[in-house]
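Shared between the two complexes below is chain A, which has chain B as its partner in the first and chain C in the second.
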Partner chain A sequence: MRAGLMRDLLVAMLGLLLLLALPMVFPQPSLRDFLIYVIAYGLLAMSLNLLVGLTGLVSFGHAAYFASGAYVFGLLMQSGAVSIPLAMLAAVGGTALLALVIGAICVRLKEIYFSFITLAFQMFIHSIILTWVDLTGGDQGLRGGIPRPPFLGIDLGEAHTLYAFAAVIFVLCLLVMRQVWQSPFGYTLRMIRDNPARANFLGVNVVRMKLGIFVLAGAMASMAGIIMALFVSGAFPEFGFWTTSGEAIFMIMLGGTQVFLGPVAGAFLLQLLNHYVTIYTHHHGLVLGVVILLIVLGLRRGVADFAAAWLAERRATVPPAPATPEPVKTKAAG
Partner chain B sequence: MTENTQAGRPMTLQRRTVLGAAAAGVAMLARPHVAGAQAKVIRVGMPTILSGRVAILGTSSRTAVQYAFSRINEAGGLGGRRLELVERDSKGRPDEAAKVTRDLINNDGCEIIIDGEASSGGFAVHEVIRDLPVLCIHTNSETSSLTADPKLHVKTAFRCARQGVHDAVAGGVYASAISKQRGLKRWMTCSPDYAYGRDNTAEFLEFAKMFDPSIEVVDQVWPRLFAPDYTENITKALQVRPQAMYSALWGGDLVSFIEQSNLYRIFGNITLFSSSLGDPPVLTAIKQLPPGLHTAYRYNRNYPDKASNTAFADGFANLAKHEPTNWAWQNYVAAQFIAEALKRTNGRTEGAALAAELKGMEIESPLAVSGRLTLRDSDHTLIGYPTAWGRTVPKAPFVEGFVPVEWSQVLEMEAQWKKQKGYA
Partner chain C sequence: MLQIEHLCKSFGGVAATRDVSLGFPAGSLTAIIGPNGAGKTTFFNLVSGHLRPDSGRVVFEGRDVVGLSSLEIARRGMARAFQVASLFPSLTAREAMIAAVTAHQRRSWSLLRRFPLDGSRAKAEELLELLGLAGKADVMSSSLSHGDQKLLDIGLALAMEPKVLLLDEPTAGMGPDERWRMIEKVHHLWQAKRLTMIFIEHDMDIVFKYAQVVQVLKYGAVLAQGTPEEIRRNQEVIDAYLGTDHHLALAEEA
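Right, the complex of A and B next:
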């Protein structure tokens, strides 16, 4: 097992423990609810950043997969025919398939054309949700709640268990994305982002690579949708509307694209702002706009990227500790 | 951690300071609330839409409840306890509605919820109440299935709002009487292209045809929701030349449609029946309101013709600076029901106790057409409210000649509709 993976596993374990411990230290249900919200939207933003930050593909239609996960999962659970894990697998698998079909068309386009075709597909899926009323409930969403029957002794109808379940899924998804982020595949994607012509010249199948990450990002977004569907016990067309994609892009802008956990920081900040601003004023759009403007103009990058750059700069300016001279060893050739 | 300031003086940002601030943030988020039977104040939460295009839904709902609560509090409260409204903006997003409802209950200590959400937000709040069973009264969702479908039933949730199927029966009875009288055979519809628009139109036509089988629908157009331009739909109406038109357009869409139709003077030849024109903000927003358009009752200070109704309209208008809306009276009545239930439980706020009192409760109200309004026992929904239709006139309050539809007829047709739908 490589050292990086061990470190990631350790950090993931610590992160999970922290997430699980927080509601024990602060037992108010509102904190738990807030964190589930951050987890769901954080996961959506993280999955989008696989496209935006890692591959340089700015998707305006990522919420389509968030909605797809929520609806497929909700419909399967309402059918009463499958258990929660099976419904989750089917929702993620189904969404991956949807992303494969859409991605096969989208990834052949570049820059703004890619962005707009992803938006077009999202609006197409949103229209299907609105018009296929018999299946989706149309603009009213899936009504009647999403049943949460216990499985393997886990009862998601219980608020603490639902929170712990969401936290575990969140950390597992982050771990998967982290491995992709650090893998040769991840570095190939960076190369495609920075110079696709060169990557192609070096023998990289650019379309296939982009399609691979597009499908993975869609699958991860569907997991976020499932968590949200479990939390609100429903699925609504707004999940698949362009504003949800826009919010995910805001989170990435706030948190940063280059630090792995930047989008989670952005999701936390945006939800925190949203939570308090909504309490004190109805002009939340104005306040959020001003904050985002200040961050974009002031920091010129997301807060996590800014912090990372600042730390790197600080390390570079700190004079190195006097090194103990080591005896020069000569290695025999051969 | 250090950071250089502009003055050149190093500003020290200690790691423990950052951690301390983060911990304080978490603690603030998780701060406990003081609630329960000992509190002097009974907090009532309201998730609703307070921003965006339909903000008037939330703002008029809020003002109506504030008006009702201020009257109760000025009269000494309920056994010495005051009622306080805590409202939150859901921005029209169902998931946000679910979140703020949970926040209102878990964080803000609200013991009762008045759900001022529209359509899908109402269903989202309904599911929260299934999990957190405080008393909830839905005040703005008109979708019939919310309370009619027994599969959706939640023991502590009620609806104090008009309902699609009631309006459809009343509209069918009223429109068919006029169509028979004037020989209006050729009908057209122009309703927004989403579930509410299509369901509402289908239900209206179903009952209108039931009472006048000679009605023929010659065309149906479905402009998209929040469309700014209706020229295409108006041109279609000019081509098809129907004798009557039904529209489920509402709010700003309806204002735009009527004003653009005025340019073509189509209402001289086509008799319009509208489900939502009767709302005072819509009526006042139309610059040249054509006379003789038929509209369902939404709110009117002269109907029901009671001093208490006029007093409500004046009291609300003093606070809001505009006439009450349909949403305003629904929320005002919900506040009346809550106050009565609290009186009967001696201030106990447990959801089950309040729900037991509200089941089948009758109250006197300015809005009751025959004395009393009822929260029906069987499906927790409001009956006895005005379902009349009237005609527009150019001066305030813009609608007159209300023709009431008997509630016995509405209930009979509703029972048949429930059987058809498998709800009964």
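Right, the complex of A and C next:
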């Protein structure tokens, strides 16, 4: 048990070092920007996978909490009354509360009905953002930029610092989610995913457990929204549009649902396609579609899940090589 | 321990359970038999709170539990295993047992510690040993043999340290030899855990050999109840259920 935790901390440290080293080795600003996108959307996809991969709840409305984090944070910073850490806390707390209210209704429904009602709530929040122009700026988004006053000697106005800050937050959030994934709570969620009726007969309060993870996933998604808001210095209605939820689902499908870091691999792939295919062709949607079709029809699961299954199979057929340390399961991406 | 009084349930126009009154004393081993469609599984669903009866009482340890949710009834100490093993396919046998024990210990919310918790693990290992599944503990539940899946299903129910255990056809889908091994294990569990056990069974030889009391259901109503010896000689039961072959066989024995 302790060994698992130490291993995760070690992997996290290595991953963080890699993230921090990359922009130093390749100093182009475009790479840094690309990585921030991977971080923000990777975090969104990871938080969604707490619902999809761990609990078997396919939410189509997860971007609502991404947007909620970005808007609450942006508005608080624009008010000028609070510091960045305080605004972050308030944005996460506020989003958790929002997820609690919406989740209390949604988690009572099953399967496709759950998916639809989460989508409905997201569209509701999206239209509030669009119509409450005085507060949110409507379809123009939060205008005038988000101030980033220095705190504790950290100046997020500086691009390198902002990147490092995002990387640290990202890795911390992944550690929290890893702990959820490996805790008794996480295993109870797997029971619910596999067989909710039986879990109920074994004394598991299925509805409350689902609500718990729904709130947690929402809070984590708001963290991703905050990183995005900090980076683009604004918040836009698209953050809460169904296409953003759809992208998060794409990332999970590309990367895989069962390997812990699969969604990050998916986010990396999708951002890679988005950023670099557009350089060569206007038809990047077509390329994206073909790649997703190839992965879905060819591998029939995300790349990380496929790799994990392939490795497991290889280890099963090849006689076990002694003295080889057990490969770290969570190496799909830094 | 468990007292059923005038239980009734209809689906549309079909009465699945008609005025069933049965008593199950603490520590008893009761078999429920009856032809297909006699309402045996419905009876379990009513008792365990999965279905709500139209009328009647289910008195469990002196308290009427009708109207309580299946979750609350389960937590009071009534566990069940299923006709088709109801498992967690992506968990190994050990993981599933530990998770079930964790749920029973009300530690499912534990977020700050890692799975498995020591206390849950020891209890789960003990149960796996008792069931004879210790050697297969790291096999995925979905990859276990049919018989082992049925055993694990019962094991999950035992993780709740139940007072009453409802087994819906523990030997369903098994060959003759496997049936006997299974029921011997079940009988052993009943003795080891001092449970009040109720099982549905189709194999008459098994019922007559192991049950203390046999309840016969037909069209949702109690046709007869008594010791295996009494049931074996009950003319109504012979006509309705055991059929002429048994009748003849008994006649020859006599």
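Methods note: the second predicted complex is superposed on the first by the 318 of 334 C-alpha atoms of A that agree within 3 Å, B and C clash if a C-alpha of one lies under 4 Å from a C-alpha of the other, contacts with A are read in each partner's own complex, and residues count from 1 in each chain.
By definition in this document, a contact is a pair of C-beta atoms (placed from the backbone, for glycine too) under 8 Å apart; a residue touches a chain by one contact, two chains touch by 3 or more.
The model shown is predicted, which means the values in this text are computed figures rather than measured ones.
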| item | value |
| --- | --- |
| Combined model on chain A: chain C and chain B, fit or clash | fit |
| Which superposed partner A:31 touches (first chain B, second chain C, both, neither) | first |
| Touched partner set for A:202, first chain B, second chain C, both or neither | second |
| Dominant toucher of chain A (residue count), chain B or chain C | B |
| First (chain B), second (chain C), both or neither touched by A:212 | second |
| Touching partner for A:231 - first (chain B), second (chain C), both, neither | first |
| Touching partner for A:289 - first (chain B), second (chain C), both, neither | neither |
| Which superposed partner A:279 touches (first chain B, second chain C, both, neither) | first |
| First (chain B), second (chain C), both or neither touched by A:143 | first |
| Superposition-derived minimum Cα distance between chain C and chain B (Å) | 26 |
| Chain B-touching residues of chain A, taken from the complex the two chains share | 22, 26-31, 33-34, 37, 130, 133, 137-141, 143-145, 159, 228, 231-234, 236-239, 272, 275, 278-279, 282-285, 310, 314 |
| Contact set on chain B toward chain A in their complex | 1-3, 25-27, 29-32, 50-51, 55, 88-89, 91, 93-95, 98-100, 102-103, 106-107, 119-120, 123-124, 127-128, 130-131, 143, 145, 149, 151-152, 194-196, 198 |
| Of all residues in chain C, those that touch chain A in their complex | 48, 70-71, 74-75, 79-80, 82, 86-91, 95-96, 98-100, 102-104, 106-117, 120, 156-157, 159-160 |
| Contact footprint of chain C on chain A as seen in their complex | 1-2, 4-5, 179-180, 182-188, 190-191, 193-195, 197-206, 209, 212 |
